[in-house]
Amino acid sequence: MTEIEIGRGKRAQRAWSFDDIAIVPNRRTRDPQDVSTSWKIDAYEFGLPVLGAPMDSVVSPETAVAIGKLGGLGVLDLEGLWTRYEDPSQQLNEIAKLPADKATKRMQEIYSEPIKPELIRDRIAQIRAAGVTVAGALSPQRAAEFSDAVIKAGVDLFVIRGTTVSAEHVSKNVEPLNLKEFIYKLDVPVIVGGAATYTSALHLMRTGAAGVLVGFGGGAASTTRRVLGIHAPMATAVADVAGARRDYMDESGGRYVQVIADGGLGTSGDIVKAIAVGADAVMLGSVLARAEEAPGQGWHWGQEAFNKDLPRGNKVQVGTAGTLEEILLGPSSSASGGTNLMGALRRSMATTGYSDVKEFQRVDVVVAPYHA
Amino acid sequence: MTEIEIGRGKRAQRAWSFDDIAIVPNRRTRDPQDVSTSWKIDAYEFGLPVLGAPMDSVVSPETAVAIGKLGGLGVLDLEGLWTRYEDPSQQLNEIAKLPADKATKRMQEIYSEPIKPELIRDRIAQIRAAGVTVAGALSPQRAAEFSDAVIKAGVDLFVIRGTTVSAEHVSKNVEPLNLKEFIYKLDVPVIVGGAATYTSALHLMRTGAAGVLVGFGGGAASTTRRVLGIHAPMATAVADVAGARRDYMDESGGRYVQVIADGGLGTSGDIVKAIAVGADAVMLGSVLARAEEAPGQGWHWGQEAFNKDLPRGNKVQVGTAGTLEEILLGPSSSASGGTNLMGALRRSMATTGYSDVKEFQRVDVVVAPYHA
Amino acid sequence: MTEIEIGRGKRAQRAWSFDDIAIVPNRRTRDPQDVSTSWKIDAYEFGLPVLGAPMDSVVSPETAVAIGKLGGLGVLDLEGLWTRYEDPSQQLNEIAKLPADKATKRMQEIYSEPIKPELIRDRIAQIRAAGVTVAGALSPQRAAEFSDAVIKAGVDLFVIRGTTVSAEHVSKNVEPLNLKEFIYKLDVPVIVGGAATYTSALHLMRTGAAGVLVGFGGGAASTTRRVLGIHAPMATAVADVAGARRDYMDESGGRYVQVIADGGLGTSGDIVKAIAVGADAVMLGSVLARAEEAPGQGWHWGQEAFNKDLPRGNKVQVGTAGTLEEILLGPSSSASGGTNLMGALRRSMATTGYSDVKEFQRVDVVVAPYHA
Amino acid sequence: MTEIEIGRGKRAQRAWSFDDIAIVPNRRTRDPQDVSTSWKIDAYEFGLPVLGAPMDSVVSPETAVAIGKLGGLGVLDLEGLWTRYEDPSQQLNEIAKLPADKATKRMQEIYSEPIKPELIRDRIAQIRAAGVTVAGALSPQRAAEFSDAVIKAGVDLFVIRGTTVSAEHVSKNVEPLNLKEFIYKLDVPVIVGGAATYTSALHLMRTGAAGVLVGFGGGAASTTRRVLGIHAPMATAVADVAGARRDYMDESGGRYVQVIADGGLGTSGDIVKAIAVGADAVMLGSVLARAEEAPGQGWHWGQEAFNKDLPRGNKVQVGTAGTLEEILLGPSSSASGGTNLMGALRRSMATTGYSDVKEFQRVDVVVAPYHA
């Protein structure tokens, strides 16, 4: 790994974003229809390597079902509006209309309503009833408190998602979540993250997680870099975590942990690149928030946007690009990389001669930064 | 070759675009009038190392003749409007007037009209009658179906052009084109591409092609990088393929395959740089679409713009810069690099002391990215 | 250290700005409330590692007191309006209203009013009376002339600040300040700078200074790079000076000199990065000029803006972001990195698992330039 | 020298512009008034290391005198308007008012008026009468034809300036200028260029030139890179030619050839950097065209703008920054780097502790590209 000297007292690695790289076709080509985009985690198989991000602008119980029927996995945020309000449509309408200068303050209020275990139960039941795989997400801070309610309600996959989740959280005041014990006791496979480096991902893999989310608040609605100085360029983060997957597979005698890119995925080209540098699947936020069915109604925001003391993101307007089906499966009548995401993945794999997602992780890439 | 580590699981090459490099004058200078821009492929000689791209906005039967009379080679797209419609002027007029938000959908319809072998025959006859070298292009998917019609109609040069063409296409459903056999059976020299890497170009050379097109949808009207994540920065692509030309010449005992840059050539400066890094000739799209005679009427589009499922380009407005003659040979009364392209090439060769195109491939270049 | 060849006659180091780098979370995380931001210089302890810059748009006697009460250290410019005018409010009002094209000329006039020793005495007394630590700044040119007045007035910390301050100033006309003697004779600890390189900082440390300011006119209001060609990218400057601190500690047998980043700190993210590459504390200008209490009334300027012969900065509009308390300690209701600076520092330290400022200097950083 | 591989068939050097580098202060500082900016070429001494570029928008007989009286050297273009028209004020007025879309064509006409030897004689006499050093410029194409007239008229310094001037020009049609013989026969010292590389400069030095101009049409009004693909980033070009000066001094047994940066000098900061990487003096175009006295009346253009076949530059509006004296010597009441150029040079030298121009060529620089 190339080390750069910032100055006499400090060295650093060079890190790369998706915009810095591109895929290059090589010797062989293939028909797009001969390409498989299927993905499997634990016992669950999916036609598409796509998770809908647990964000209120993206996944409602209804869109969780819709994403599932299209072949992906919609993950419901169990600390969002749907578990705080019996019927959150009024809050969603209000948020969509909030002017920029008042949005943060008002959203801080709306999200101060307590989470209700019985709503967790009902929302999960609603998704399960539709016959799709069920997944719900909690933050590490809330995982212990609500996990019983979640498990009883019967999720297939459990997601623990925070801006940074480490296997070793230190606290003087509260008993921190022991991830390893927690995961061991649960009956269902757990996806956990975000992690952004080789070491942090390796430790998360050792907790027994079935999948690791790669990212650190790098999404379209985040200002983490500006506020905290923290930034994990995604191409490097995914490739580093893929390296951890390989090394962990060796040390564990063959356990394969799914690497799921989560953040910085604004176009079909970004999704293709995430897999090209080692991801097994992608968790999508802003691109799915552009669906006609999306609860955000053309707006997108993350949990960091309504943090009480230190908001680190904004409600951003993403507009509407088409139906969920058009966005995921096409057909597309626009050339902007926001629709027929999976058609683009298929064609990119075909053009470079690969036939499944795992194989495509070996495709050649070049470093060629955009001059926007 | 310098390898960069994207992360622990992935390495990549650095790739460079024309905007990243520049030519530097050195010891000797020369008079522009003492410089030759002639180019030869197989038995055909040209005063200019210029091919008009087989795109409906650039080459009509009329402009194919005009380009030929000026010293270049106009390549007609045999799957475009001229072989689908008896008189495509109505369709061209309609396309020129389509508003941006409806263009993709309507062009998908216009191009659904079937290709007619008898129109292939007539268009080629029309060009041949004018006494210029005749060249027509098919995609690899259509090459087998229409090649008989093309050969019978009597082309001098046959162009097989797709976004990526490989010597080894894999398909479960259809019998893919065996390029080597196909080229062997044809009576005429074949130019084939695009290829963007050393390996893919070397394999295309081994099929017996007389020329290889270098590029991958990198033109002015393309959004391939955004949609597919695929991008082949042209300076590196051309230099890599030129490396393949040299190695293939050695392995074949002296067969010299023409390297033709195809894409990313927006100014005379880009054309000069393409040759400087190893191209023998250039295939021009958008710069020729700016001719008064161009069928696009100030607009430019590629075949990927009307793909049914996954359009990867837009109809873009390029405006009008002058007559075909002013664009290729001058004189120029503008300093923007869009007119007198060959005058600029001559002057650049003269300023650096080179007297022909082949020699000019040795000129010194520097890496000095634009800060747009 | 990597050397780059500019050309055959010249070599150069690569230097990095805060925008070029980012912090990456690693294995461990921590609760923000378990993190300490305390800072100590000589016998003086502070809750926050923050100094208000001695600039008339930032520190008045009143804001010096307010910054002190919030846990930081406000440094009054003893050559500014408060020591030239009995009541400078009229001048401040006028400056706030000056149109851009007349500002430089009029400010040159306003600042030609002589400095009055008795005003130095009164301003310092006013700050001292409020019970906070007292610090005043002079330029090296004026340090000898006014130091007696300053010491008699009773400062706790003495700041000598210029665009570049060296331990060895050469002059044919005036007896230059011998920093080593000057510091030795003073009773109070001295902070001196700006310095931007390892060598210049090492020499300043040898003069006996308690702290070194790192920077060279890199602030928001400066055009030094454009006018003088001089620029010291801050990440490299801080890391180099931190290297000098380590080496000087060794050669001096254990004297630890405080490294204070001064310039280029426009967001909380920049502050976090300054510490990450080695700073013990930060001197803030433009971000504090955005306080409701700031004397600049939404405008910000440095001393170089009214230089008589060669102004090298402008009066710039920075607007108002909140109260001094909201800016330093929050809560924040905006995600732009301009409020709750210390909350952001805490969270960044917690997210990466560090518990105090000194420890946080070891955090991992990556090179990942912004694509604005 | 670091070589970069563009691709398998091509390698390139990295080249740097002034915007890519900056000067860093180091250990020592000095008073600006103790700094000398004097410059000497052959027997001629100047207070300022500044030449006014032979361009009609910059140097008229009157401004040549004015620049001389301020301490620099104004070089009159002997192929410009002043030697084509008895009184060119009408043409200058017309050019100033030409709209952008018609400027190139009309300027091509205005400059088709023949050059008159008697006007060469009169203009030079006019400058000489004012008592300043006299310098006139011809292109290499015209040098032989008009040199007699020039020498008879009595210039002190003879400038041969073209976009690229090589010691070995090859032509089949005309007898090219043998620079070595030509310079040998002349009685006066010759400055020749532009050259942009080590080798081309070394060969020019061997012709006996007293000074070499470094550059290649890189000025504010040029589009050479876009049109010809040729570009010589100035920091690398100056450093390379400074390397040639050192090597030539060795091979010639001590002849020191003046290196004069010519192009890309848009601010005082750029001038400072040119000297920092090895220039002995600078030839200024656009910054002097901004003088109230400048013949361009707020506009600026080069000879390449009215080339008959291939114009490679535009008439650009530069506005007016102050009198020639304010621009060169100050005082300045703006912080944009366009006035008091020499005050900025003095201060930059003082801040880094150097006392004369030759010494300042050793100052430390860093690579730190602007993120405009």
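Each chain gets a letter, A, B, C and D, in the order it is written, and its residues are counted from 1.
Here is the rule we go by: contacts are C-beta pairs under 8 Å (C-beta built on N, C-alpha and C of every residue); 3 or more make two chains touch, one makes a residue touch a chain.
This is a predicted model, so every value here is computed, not measured.
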Touching chain A and also chain B, the following chains: none
Message: Same residues or different residues where chain B meets chain D? The copies count as same if more than half of the interface numbers are shared.
response: different
Statement: Matching the CA atoms of chain C with those of chain D requires turning by an angle in degrees, to the nearest 5, of 90
Message: Let me check something: if the centre of a chain is the mean of its CA atoms, which chain is farthest from chain B?
response: C
- line: Between chain A and chain C, the Cα-mean centres are separated in Å by 40
Message: Can you work out the whole-Å distance between the CA centroids of chain A and chain D?
response: 57
Message: Please output the residue numbers of chain B that touch at least 2 other chains, ranges allowed.
response: 14, 16, 236
- request: Based on the touch definition given at the start, go ahead and assign the chain network to line, ring, star, complete or other.
  value: ring
- prompt: Which pairs of chains touch each other?
  reply: A-B, A-C, B-D, C-D
Message: Per the contact definition, I'd like the list of chain D residues that touch chain C in the complex.
response: 1-2, 14, 16, 18, 21-31, 33-34, 198, 235-246, 267-273, 276-278, 330-337, 340, 343-344, 347-348, 351-353, 361, 364-368, 371
Message: Under the stated contact criterion, what part of chain B meets chain A in this complex?
response: 4-10, 12-17, 19, 104-105, 108, 163-174, 195-197, 199-200, 203, 216, 223, 225-233, 236, 305, 308-314, 369-370, 372
